[in-house]
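What follows is a set of structures for review.
Each of the next two complexes has subunit A plus one more chain, namely subunit B in the first and subunit C in the second.
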Partner chain A sequence: MKIPMKSSRRENLAAYVFLSPILLFFAIFFAFAVGFSVWISFREWDMLISPLDAVFVGPSNYVVLFSDPLFVSSLVNTVIYAFSTTIAVVILSLLIAVALNNLRYSAVWRFIYFAPVVTPAVAIGIIWSYLYNPSRGIVNEVLGWLGIPAHNWLTDPHYALMAIIIVAVWAGMGASILIFTAGLRAIPQSYYEAARIDGATKVKMFFSITLPLIKPTTLFLSVTGMIGAWQVFDLIYIMGTNAPASSVQVISLYIYKTAFVNLQMGSASAAAMILFAIVLVTTLFTLGIFRKGGIESYE
Partner chain B sequence: MNKKRKVTGMIKYVFVGLVGVAMITPFYWLISASLMTLQEFLSVPPKWIPSDPQWHNYVEVFKHVPFLNYYFNSFVVAILSTVMVLLTSAMGGYAFAKLNFIGKKLLFKFTLSTMMFPAFLFLIPNFYIITKFGWTSNYLALVMPFAVSAYGIFLLRQFIMGIPSDLIDAAKIDGASQFAIFFRIIIPLTQPALATLAILSFIGQWNNFLWPLIITSFSPELTTVPVGLSKLSLAFSTYTNQNLILAGTVLEIAPVVALFLYLQRYYIKGIVLTGFGGI
Partner chain C sequence: MRKVFWILLLIGILASFTTTAKTVLVIQTHWSDFQVNGILDKNGNLVYPGLKQYIDEYTKLNPDVEIQIREVPFDNYLQQLLVSHMAGKAADIYDLYSLWAVQLVNSKILDIPPSDILNGVKNDFVSASVKGATIDGKIWGIPSEIDNYALIYNKKLLTEAGYSEPPKTWAELIKMAPKLTKYDEKGAITQYGFAFLSGWDSAVVHPYLSLLYSLGGAMFSADYTECLVNNPLGVEALNEELALFKEKATNSAGSVFDFPHNTVAMMIMAPWYVSSLKQAYGDKYDEYVGIEPIPPVKNPATVAYTWFFGVDNASKNKVAAWDFLKWFALQVQPNTNTTRAGDLEVNVISVIPPNKADLENHLAQLADLKVFIDQLKNSVQEPNVMQGAQIKTILMDQIVAAWNGQVTAQQALDNAVRKINPILSRYYH
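Take a look at the complex of A and B:
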């Protein structure tokens, strides 16, 4: 039990002196910036004139977005990317974390899985663009050994997004494995011993002990993974250039191109607001789950 | 029973091993291909091992592209923003953890809530702000939008809360000012958390791509390593020294992997503590 101390005038002053750079930063790069985005999303602005002279167009930027087939396909691709990447990462990294638990040299294995997490996404994109090369990439080469026919992974609209999702899963597993491992270690060994005495199989133990007890970690990773995945940019920018835009482009790329290639700041801001709404819904959904799950450590 | 356990053990190893090979192969291929001659690199079917390692590929990179410039820019930006983030996070973390002031709860909630806003919402306004301040063609353009990290404030607040308040009270009785307490007590005791934040921030900034991409399209002299490499790799079809780009990619990865290996335990602590791979 903490007894709230009365704050003195000097302490108030000291606190605000310590916070002043942060408050100044948030005033400029957050509050003003968000307001600016909202303001511009209702206007037509090309960045060449003063934003104050930008013509007010009402909600038309938002309306026009949904009649732009490229925006709609970007939205669909983002949803496909976010869900498949997150689900695959969570399932695979849980399985790997369980398999790694109590395995010899587990630290070495974890490092191997972790390497892509620190690697710049641009480097990952470059490496995999070569690996996916239809004639001299090793992906088709290895698949050929297994008798699987070669594909133009990054240029064929049917495969391009899937190929990028596979890379995202490859790159994203390491961090989740680490967090799952921490979660697995928190499960008391006595539960497993009791189950073993009762003659439970490993599979049975996984489904009746591990899975229910690791649930908070699974939820946490699903949602943080999802929030990150909604905003994917680097991998798609590097690897998605040779496929038709409608098959790989995601919202973030749509925003970038609309703003900094076409200089349509109004519709780019409107698209950014829509992305924000998606992220916000995901976050609020998570916070709800956390509260229900009794995780209050963020307070 | 025993046999069955052996079989599950085998399956475990095969599974972990196969995925492990899939994790490592792209890196192996990158290093191997970066040492090939152009002919070897272009051969069909692909070669796995360079017949005669071309170490000079790594020298050529510096001759054919302004790679040294990219490197310098990346280091300056990553170091400057890391220093800023450490300072602002420690100051904010201390205030939120140990000081009582009006509006504390509200400001802390506000700080956390800023994390919910996607970076894409800030591209246009931040670009406008940077141009208005006249920073477009210097490092401030790349550093200032990342000078404060809500995540960092949160991380350090959690850590500083664990420092016994008795220490601070004792110093107060001895007549120490708030700033003396901050620099003489808090900062030295917070070093593990600062190390964690430093490595997360450095790697995050070194790998940062989108914002430098935008800024450097207006000020190419500020090009960082990821942006420079992406431009080279996307201009490929016309580029005759494709294998050199791979040498460049190795050089892009090297500093962060070295840093990670060196400060691994701090990095992993940061990930496990908060569940995020970056800032």
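Take a look at the complex of A and C:
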């Protein structure tokens, strides 16, 4: 049946009217903000003058960034943080979710693991700072029982980033475990029963049934985890202030300090654009890897 | 008849607007709640007035003026100032850290004070604070606070270690500190002979500058075209700090804020921390806390920094703003011979008032800060340089890297100078 042209136009108009609030919100808080950020990244602006009077400096903000050793070390720290937290969270969450799935009172266990998710990152950072305290913290105390010498976890440049990564993994696992559990429950039990009849071991079933069928969930958690990890700010801000900046500082903190301490909005915006490009490339790369494995659903 | 009614109504409305129109001033401060609202006793009675009570007094005297207080935490102060300025919601009066003010002066955000205020500042305030409020050769406001540094030590811990007196020289301090340091069986320091504080630029850079000035060094060339910290005096100053790390009398995990736990024997700290120590120790304050000038490496010296009241150049009520500041921070009250700002600074905020009259007439209340006040004569004002906060952060990062053994003193300061000089070259030629 052919829809009359007038009615179709009216429907389109109605759709745009309904969409207009979100489009307006998107235009102001995303499109304008991103556009302004790109524009200002080619200028020198300290927020004390009108942005219209900001001097055009071409690509020099981008060039200067890569000659700044602190930006480079922030970039390296961000890469280490993003990959290690994402990989550790995904692997550990999957293993724990599989284990919890077969446990009695699994809901109680899931609740325990989920608790850090509803705790503010600032509170987590402060509590863990106490746990890591070299003389009064429980971490050194427990390691002492095992004969391991005490370390200054949050100030020693060799350990500070690793100490924060451990906290990030602990805090990030809860939500992933919950999502993995939902994914595991969606796998039909008949597959496992058939495999069991064929004499497959639990390890064989994990690698041949669970892992392939849980791939969409793994992809989702990898991509969202990676995007979040690239933008980490709060934990580093709370826990990393006493370590040498080059050993813990990440890009988002570098952007914040460049913008609001150094008042160099142009350089900060250029760094933000670089972060955006990295997140985009990493996400596409992750999607590419999973597509090779046969997942199309998130494209 | 109806026409007359409407005309009368219109006149009435206009009249009510003209009679109620007030000059509204907004004052932005980093002071906390009790400093704004005053100190109350257990029954809720006002013991010492805060900023609000002084404003109430002023608005009673000047009913055509209304003053609103904008409290902003120290950590967000500069950001809030920038954002509110950009949004056209700037305050009329600021209490400013002098290092931040340099950028504001450069961007023409601050108003030049009237000549009577300039003369008052020149004549009535201690010279270090006048230097603090001076940027590019001009005074930009009325000093509201001056801070310098001294050695704060734990008398009990020193006595326990067999010392009846604090160190008189930095070399003595380096010798004493290891004997005041205790480790547990796991190898962690449980008592710091000397504590630094990493992670806060002022807490890292100011003690270093105090040692640098003691050696006769300078942070910048006189025209600010060059950073000088990597010259031999600058390196020596940092090596004097690193000696404490080599002697295992401290590490970068220490904190000056652990002093009230009796786990820090000595530290370099500012006068504003003394009120917290008094609160923490209560009656035992004199038994535990001792304050002496920073033991000199060579000559007595300490660094100082200043806060001052300034007025926004874009304010529509600049005259009214300066009038209030003159009444509040410059005029001496006949009954006490002190300024109202001085009373507030001494009784409530617990800092050194920069006005000479306040220093002379608040002697009893300032007894705990006597060493700091005596050291004003040896205080060198932190340089008011463009991008000062950024430069301080760069220097902090490098000093902390040296504390952690990542680089030597020379390498750290070379790295700092390599980053600081290009910044200076953008503003000074």
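Going forward, the second predicted complex is superposed on the first by the 262 of 299 C-alpha atoms of A that agree within 3 Å, B and C clash if a C-alpha of one lies under 4 Å from a C-alpha of the other, contacts with A are read in each partner's own complex, and residues count from 1 in each chain.
By our rule, contacts are C-beta pairs under 8 Å (C-beta built on N, C-alpha and C of every residue); 3 or more make two chains touch, one makes a residue touch a chain.
In this text, all values refer to a predicted model and were calculated from it rather than measured experimentally.
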For this session: Would you check which partner chain A:Ser135 touches, where first means subunit B only, second means subunit C only, and both and neither mean what they say?
Result: both
Problem set entry | First, second, both or neither for A:Phe260, with subunit B first and subunit C second | both
For this session: Would you sort A:Tyr81 into first (subunit B), second (subunit C), both or neither based on which partner it touches?
Result: neither
For this session: Using the touch definition from the top, say if A:Met47 reaches subunit B (first), subunit C (second), both or neither.
Result: both
Problem set entry | Which of subunit B and subunit C A:Phe71 touches, first, second, both or neither | neither
Problem set entry | Partner chain in contact with A:Thr241 - subunit B first, subunit C second, else both or neither | both
Exercise. For A:Phe276, is the partner it touches subunit B (first), subunit C (second), both, or none of the two (neither)?
Worked result: first
Exercise. If you count the residues of subunit A that each partner touches, which comes out higher, subunit B or subunit C?
Worked result: B
Exercise. Touching A:Ala33, do we find subunit B (first), subunit C (second), both, or neither?
Worked result: first
Exercise. For subunit A, what residues appear in both contact lists, the one with subunit B and the one with subunit C?
Worked result: 47, 135, 141, 241, 260
Exercise. Can you list the residues on subunit C that touch subunit A in the complex?
Worked result: 78-79, 82-83, 85-86, 103-104, 106-107, 109, 184-190, 198-200, 251-253, 263, 387, 389-390, 393, 397, 400-401, 404, 406, 415, 419
Seminar exercise, completed: As the complex stands, subunit A meets subunit C at residues 46-49, 68-70, 134-135, 140-141, 143-144, 149-150, 152, 154-157, 241-247, 257, 260-264
Exercise. Which residues, counting only subunit A, touch subunit B once they are in their complex?
Worked result: 4-8, 10-12, 14-19, 21-23, 25-26, 28-30, 32-34, 36-37, 40, 47, 51, 92, 95-96, 99-100, 103, 109, 111-113, 115-131, 135-138, 141, 170, 172, 175, 178-179, 182, 202, 220-221, 224, 230-231, 233-234, 237-238, 241, 251-252, 255-256, 259-260, 265, 268-269, 272-273, 275-276, 279-280, 283, 298
Seminar exercise, completed: Counting only contacts in the complex, subunit B reaches subunit A at residues 8, 12-13, 15-16, 19-20, 22-27, 29-30, 33, 42-46, 48, 87-88, 91-92, 94-95, 99-102, 104, 107, 110-112, 114, 116-129, 144-145, 147-148, 153, 178, 182, 203, 206-207, 209-210, 213-214, 217, 225-227, 229-230, 233-234, 245-246, 249, 252-253, 256-257, 260, 264, 267-268, 271-272, 275-277
